[in-house]
Amino acid sequence: MIELAENRYGKSRVRLMKVQHGPDGNELREWMVQVLLTGDFASAHYEGDNSKILPTDTMKNTVYYVARRSSANSMEEYAMELIDFLLERNPQVSSARVRVEAAMWKRLTIAGKSHPTSFMRGSNEVQTATVSRHQKGRFELSSGLENLVIMKTADSGFEGYINDQLTTLKETSDRLFCTELEAEWRYTTEAADFNALRSTIRETMLATFADHKSKSVQETEYAMGRAALESVDLIDQIDLAMPNKHCLLVDLSRFGEENPNEIFVPTDEPAGQIEARVRRRA
Amino acid sequence: MIELAENRYGKSRVRLMKVQHGPDGNELREWMVQVLLTGDFASAHYEGDNSKILPTDTMKNTVYYVARRSSANSMEEYAMELIDFLLERNPQVSSARVRVEAAMWKRLTIAGKSHPTSFMRGSNEVQTATVSRHQKGRFELSSGLENLVIMKTADSGFEGYINDQLTTLKETSDRLFCTELEAEWRYTTEAADFNALRSTIRETMLATFADHKSKSVQETEYAMGRAALESVDLIDQIDLAMPNKHCLLVDLSRFGEENPNEIFVPTDEPAGQIEARVRRRA
Amino acid sequence: MIELAENRYGKSRVRLMKVQHGPDGNELREWMVQVLLTGDFASAHYEGDNSKILPTDTMKNTVYYVARRSSANSMEEYAMELIDFLLERNPQVSSARVRVEAAMWKRLTIAGKSHPTSFMRGSNEVQTATVSRHQKGRFELSSGLENLVIMKTADSGFEGYINDQLTTLKETSDRLFCTELEAEWRYTTEAADFNALRSTIRETMLATFADHKSKSVQETEYAMGRAALESVDLIDQIDLAMPNKHCLLVDLSRFGEENPNEIFVPTDEPAGQIEARVRRRA
Amino acid sequence: MIELAENRYGKSRVRLMKVQHGPDGNELREWMVQVLLTGDFASAHYEGDNSKILPTDTMKNTVYYVARRSSANSMEEYAMELIDFLLERNPQVSSARVRVEAAMWKRLTIAGKSHPTSFMRGSNEVQTATVSRHQKGRFELSSGLENLVIMKTADSGFEGYINDQLTTLKETSDRLFCTELEAEWRYTTEAADFNALRSTIRETMLATFADHKSKSVQETEYAMGRAALESVDLIDQIDLAMPNKHCLLVDLSRFGEENPNEIFVPTDEPAGQIEARVRRRA
C-alpha cells in the first residue's frame, strides 16, 4: 500500500515593495514572502479534488492585501497578521507558515544629509523572519539573517589540528577569516520590539566577530552565538552556519618576492562549512 | 547557562572531474561533493582546541584521493567508500554524511555517431546521492534529482478550487504546466545497482508526468511519487517538490486578437510550491 | 558646451513562450526578445518632452502582438517582422535593432517515443539572432549561439609557448580542453532557411572541435571558424570567443598516488579568453 | 580565401585580495582583473605555433606579481603599471588592455567606531577602470561603475508619450523610478587623483538623481551625465545605461482597497533600457 505521508503547499517568491509616505520623507521596504499551508489536502493529491484548495494565486493576492491593511512595524508582526488572516478563513488548513526576507535599502546621503525620498540598494544581506502557527495554537517565531559577508584581517589563526597522511594545509597564527554568516534565533515570546532585538543580536554578533582572538571558525562561531544569547533574554536558541570563504595566500617566492600576508586569492569553492546550535540550558 | 547543543562541520563544493580512459573512448563524470562530520568537537567550540579537528582542507584532499583509488560505479558507492575512509581514521567522529551532486555531460554526436572523447554540457539537472553512517552503524542512502525542468502543453487543468473575496485566478481546463522537479527517494538496501534504479525511477516519473490527465499539480505529483514506488521495490519513501513555474496567457483581446493558448509569458516569480512525501505503508 | 552624442532605448528581457498546436502534437518555443530604437529623441533627454517616445511598455505589447500574428519559421524572420512593424508606425525612429535569444527545449522521450505534448528544458545553450535596419535600408542579420559548453578529453596539448620569469604552467601534450563557446556569424542575405543554416554551422563547428588535433585554443578556434565559413556560403564573417575553462590535474603524488590524467578540479575562475574574427577575404 | 581578421586573448576573472597593514589598521581591496593582448598571433591560429604566446596562466601570475610590487593608490595606476610590465617584456604584443573591477568592502562599525581590521561586504556596486595602450602609445583611460541600484520614491512621472493601438501603460505624474546605473567616463589625462575624481563624479550623479524632477528616465539620465561633465574637467565623455527596473502598482481596487502608491511589485523582467552618451562638444 502506498500513501501520502505528508504534504504542504503554498506560494514562494512573492515580492513586495512598500512605500510609506510621511511628512519628512518616505520609508521603503522590500520583502520577499513565502506562504506554506499544511492541512486536509489528501483528496487533492489522491483524486484531483480541488474543493479544499486555496489557489496559490489567491495567497499572492492575500500577501498584498494584508500588507496594505497592516500597520505592523516588523516582518514578524506582519507574518503573524498574514497567518491569522489565512487560518481564520480556511478551517481546512491545520497550520500555516510564513517566511519573510527583507532586502537592504539605504537612504541616499546627499551633501552630507539623508535624502527624504531617494534610496540605494545595500548589500545582499537578507533579514529573515519565519513564523508558524497551528489552528488555535501559539505562534512560533524565529528570526535571522543570511548572506552577511564579513572578514577579519587580523586576530585569526588555525593551528594544532590533526596532521595525517592527507594533510597539506600549513598551520598559521595569522590568516584572513572570511565568512558568509547565516543565523537564525528562536523567540520565547509573541510580543516584543522585534526590530530592536534584531538590531541588538546582529550588532552583538558583529562586535564579537570583530574583537575575537580566533583560534578557529568553530571557536568564533560559538562565541558569537553565546554573545547573542547573553545580549537578549527573549531568545533561547540560535543556529549559526559559517562557511569558510577561503582567501589563499599567493606563493610569490617562486618569483623572488616575499608575500607577508598581503596578496590573496579569494575563492568561492570549495568552502569549509561550520555549523552550530547554541542554546540556553533548560 | 549557555551551551553548544549541536554542531557539525565539513567541506562544501569540492568539485571533481573524473576521466576514465577506455579502449573505445573516455567516460566523463563531474561531481560536486560535500562532507559533513558530527562528533566530539565541543572543545574546539568552547576552547579553541583543534586537536580533534580534521581540517576541511584535508577532507578536500580525501575526496580526490578516494576518487582516484575508487572503482565505484555509482555516486552512492563512492560516497560509502568516502565515509568508510573518514570514519575509520577518525574515531572522534561519531557520524559522517556525504552528498554528491553530478552534473550532466553528454557525448557529442558527430555525423550521427557518438564521439569517443568529446562531450557537451547537458541541462542543469543534477543527480544527487546523500549517504550517512554512524560509527559501526548501517549506511542510510537517499538519492534524488534536482533542477529537472519539465512542461506539459496539454492535459492539464485547474478547476473547482476555493473562490473567495481575494480570488482572481480564472478556472481553466487547458493550461501550461511547467515545474522544476526536485525528488529524493530513500533506499532500504546498502547494495544495489543504484544507477539502474535511478534510471528506472527517473523515467517512471517522467512517463507519469507526460501522460497524466492533470487536475492539479498536487494530483500529478502524487501520481509521480506513487509510480516511482511501484516501479522499484528497494525504496520505501519519496519526497517531491514541484514549484509551479507559471506561464501566463497574454491578454491580446485588448488589441483585437484572440490568443487560443498560444502566446504565454513565462515568469520566475512568484511560484507555487507543492510538496509531498509518498511512502509505502509499513 | 555639453551635448547628447548618441542615444538609444528599448525593452530588454521580454520573455515569450509560443505553443503551436498541430495535429500530431505541439511545438514549443521560448524566446527572450530585446528591442532597441535609435532616432530623434534628443528633446526627451534635453527637455523631458515625451511626445516622440514610444513607451517601452508598448514595445513589450508589440513583441507579443507580432508573435501572435507572425507565421515566421525562424527567429530571424520574426525579428524582421517586428522591425518592420516598429519602423512603419514610428517615423521618428531612424533605426531599430531586435535581438532574440532562444532557450533549449526538447521533447520528452517516453518508452522510446517522442511525446507529442511534453517537453524538458535542455542545456543553457542559447541560440541568438540580431537583426537591425535603418528606415528604408536593408536588413543586417547576424545569428549565433552562446553558453555551449564543450569538452575534449583527448587530442589537446599546449607546448612551445614563451617561458619567462613568471611562467609556472607545465607544458603538456595531453590536457582537458573545456570551453563555453560563443559565436556570431553575419549573413550576406535577407532570405534563407536560417534554421537549416544555423544547424549546419553549429554541427560543423562541433565536428571540427571534436576531431581537431589541438595545439592551442587559438588553433582550434580558427579551425572552427574556417570550417563554418566553408560550410555555408551565405555568411561572410564569424566571431568566436572561447574562454578556457580550466580543469586542473590534482597533484596526488604528495599522497603516494599517480594521477594519469584522471582526476581534475574544474574551476570557474580565472579563465583564459581567446577571441577571433574569421572572414572571407573580399 | 578565408583569413583571420582580428584576434585577441588574455585572462579573465583573476581575483585578488590585497591587505595593506598599517599602524592604525588594515586596508582591504578586492579586485577582479582582466588582461587582453592584441598582436602578432596569427601563426598560433593558423599553425598552432605557440612561440609568441604568453600563456594566460603567466598573465595571472603577472597580475599578482605586479600587485605585490605596486604602490599604486588607484585601480587606474595599477592597470597602467600592469600594461607597462606586459608591453615591455612582450614586443610581439601590439596593444594591451586591462580592466579592473573593484568590489565594495566597508569597515565594520563597532560601538560607534570604525574597526581597524574587520570588514563587511557592501553592495554589488562595482567600480571599474579600463586602460589600454599600444606599444609606444599613450594610455587611454576610462573609469566607471556598474550595478549601482538606486530608487526615487518621489519626483518622477511619465506622461505625454505616444498613445497608439498597442498602448496599455497609464500616464502618471508620480511613480517609483528604480534603475541599476552603469556609467563609464573617459579621461583626457594620464595622471590625476583618480580616486578623488571617481568620488566626485559618483556623488554628483547621485545628487542629480535624488533631486531631479524627472519627466522620464531619458531626462534624468542626460541630467546626470551633464552634471558629471560639469563637475570634472578631466573627462570629456560619459556613457550611461539605465535599465528601468519596474515597480508595478498592485491593483487592490478589485478587493475594495485603495492603493495610494504604497504597495508595488518589483519585477526583474522585462526592463526598459535607456542609453545615452553625453560629451563635451569639441
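Every chain is named by a letter (A, B, C and D) in the order it is written, and numbering of its residues begins at 1.
By our rule, a contact is a pair of C-beta atoms (placed from the backbone, for glycine too) under 8 Å apart; a residue touches a chain by one contact, two chains touch by 3 or more.
For clarity, every value in this text was computed on a predicted model and none was experimentally measured.
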Fill in the blank from the handout: Ordered by label, the neighbours common to chain C and chain D are A, B
Fill in the blank from the handout: Farthest CA centroid from chain D: chain B
Handout entry: Same vs different contact residues, chain B with chain C, by half of numbers used
Key = same
Fill in the blank from the handout: Chain centres from averaged Cα atoms put chain B and chain C apart, in whole Å, by 29
Fill in the blank from the handout: Chain-centre distance (mean CA atoms) for chain A and chain C, in whole Å, is 38
Exercise for the section: Take the average of all CA coordinates in chain A, do the same for chain B, and state the distance between these two points in whole angstrom. Expected result: 24
Completion exercise
Going by residue number, chain D touches two or more other chains at 15, 61, 65, 166, 168, 255, 268-269
Handout entry: In the complex with chain A, residue positions of chain B that touch it
Key = 1-15, 34, 36, 41, 44-58, 60-62, 65, 89-90, 158-162, 164, 166-169, 214-219, 221-222, 225-226, 229-230, 237, 243-244, 268-281
Completion exercise
Counting only contacts in the complex, chain C reaches chain A at residues 165-166, 168, 254-255, 268
Handout entry: Residue ranges of chain D touching chain A (in the complex, touch as defined)
Key = 15-21, 26, 28, 30, 61, 64-65, 67-69, 104-105, 108, 110-111, 115-124, 148-155, 176, 203, 206-207, 209-211, 247, 250, 252, 255, 257, 259-267
